[in-house]
């Protein structure tokens, strides 16, 4: 009888560990790489606004690298207010420091809402490994 | 002895639950966001044709949002026959209603082969959570 | 007592099977589809260089299809040396044979560092099914 309990317990943990990925709140990591075109900036903001309205409790991370930097540069972003509002809702904006180095962009050129990661793509990979869904943002 | 059977059974279920994702038929959710350029429409159709020929029994969903709408608009699509043929093979085409609202496109402007989802990206996320592979379509 | 050992053993295997995906070295499959623009070629090489420097022991596959072919064509690639160096580090470059057929490109036009797959997207899907992370390369 005691054995049976133990067996059921082990089964329960095995199944619940497996189901966890599915049962969690939604977790989405976005890649944004093309902000030179301001239509891309606008389209991406629409995507974030629509999704955060649809799932207010989900976790959101935006990883910005390659040609995506202008999106979060004080002098170039066309979406400063929208980004501020999304940040207030919990969306995190992570900028790739390697990209910054390549393009000689410094932190003082970026808006205060961003955070930093060494290698943007590594961040996206690690999030996928942790069960986050990956979406290429923009169009 | 009976305990051993039970243990083996529990182990079997745990392992089979884990393996299921891998053993299933292939399931692919495509994101298509850029149909203004008709070369993109053509490239995407090539991708769908090649993949469905390679894996006729896989499950396919195409989520259309952002600048992807012209792909399934009666007046703008360059691939009406190809889409019809793919639909007949079981490929589903899902259009983002949020995108339609943003761009003031109504259902009567779209081809009858499509279905609708409230938020296109949410559909892609849910499919990933259910073990589907995600592919950004086009180029 | 013997039963307990068995139970623990089964639990251990179930949990370790589940955890395996996470514990493995990083495995990344890149999709590269847009090499007509040489800025795209350059941006993608930067991404590969940065990531392989950050994670030298990870597994890397680059799947080239659609408009990505010029990246690995002897006469058109702007990144021959960089590709050679990445190949020497273990990065694999896989070209979609369906794309080659569509664009009437033959193997003798491609650099010797590449390998071939029948359907590029099928390769990306299978890698995702095996727990690899997927990244759209370029911008």
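So that you can tell them apart, the chains are marked A, B and C in the order they are listed, and the count of residues begins at 1 in each.
The rule is short, and it goes like this: contacts are C-beta pairs under 8 Å (C-beta built on N, C-alpha and C of every residue); 3 or more make two chains touch, one makes a residue touch a chain.
Keep in mind that what you see is a predicted model, and the values were worked out from it rather than measured.
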Task = To the nearest 5 degrees, please report the angle of the rotation taking subunit A's Cα atoms onto subunit C.
result = 120
Key: subunit C against subunit B, contact positions shared by both copies (same if over half, else different)   = different
Ask   = Approximately how many whole Å separate the CA-defined centres of subunit B and subunit C?
value = 22
Query = Among the residues of subunit A, which ones contact at least 2 other chains?
reply = 3, 7, 10, 14, 18, 134, 136
Request  = Enumerate the contact residues on subunit A facing subunit B in the complex.
outcome  = 3-4, 7, 10-11, 14-15, 18, 21-22, 26, 28, 43, 46-47, 50-51, 54-55, 133-136, 138-139
Query = Okay, in this complex, where on subunit C does subunit B touch?
reply = 3, 6-7, 10, 13-14, 17-18, 31, 33-34, 65-68, 98-99, 102, 118-119, 121-122, 124-126, 128-130, 134, 136
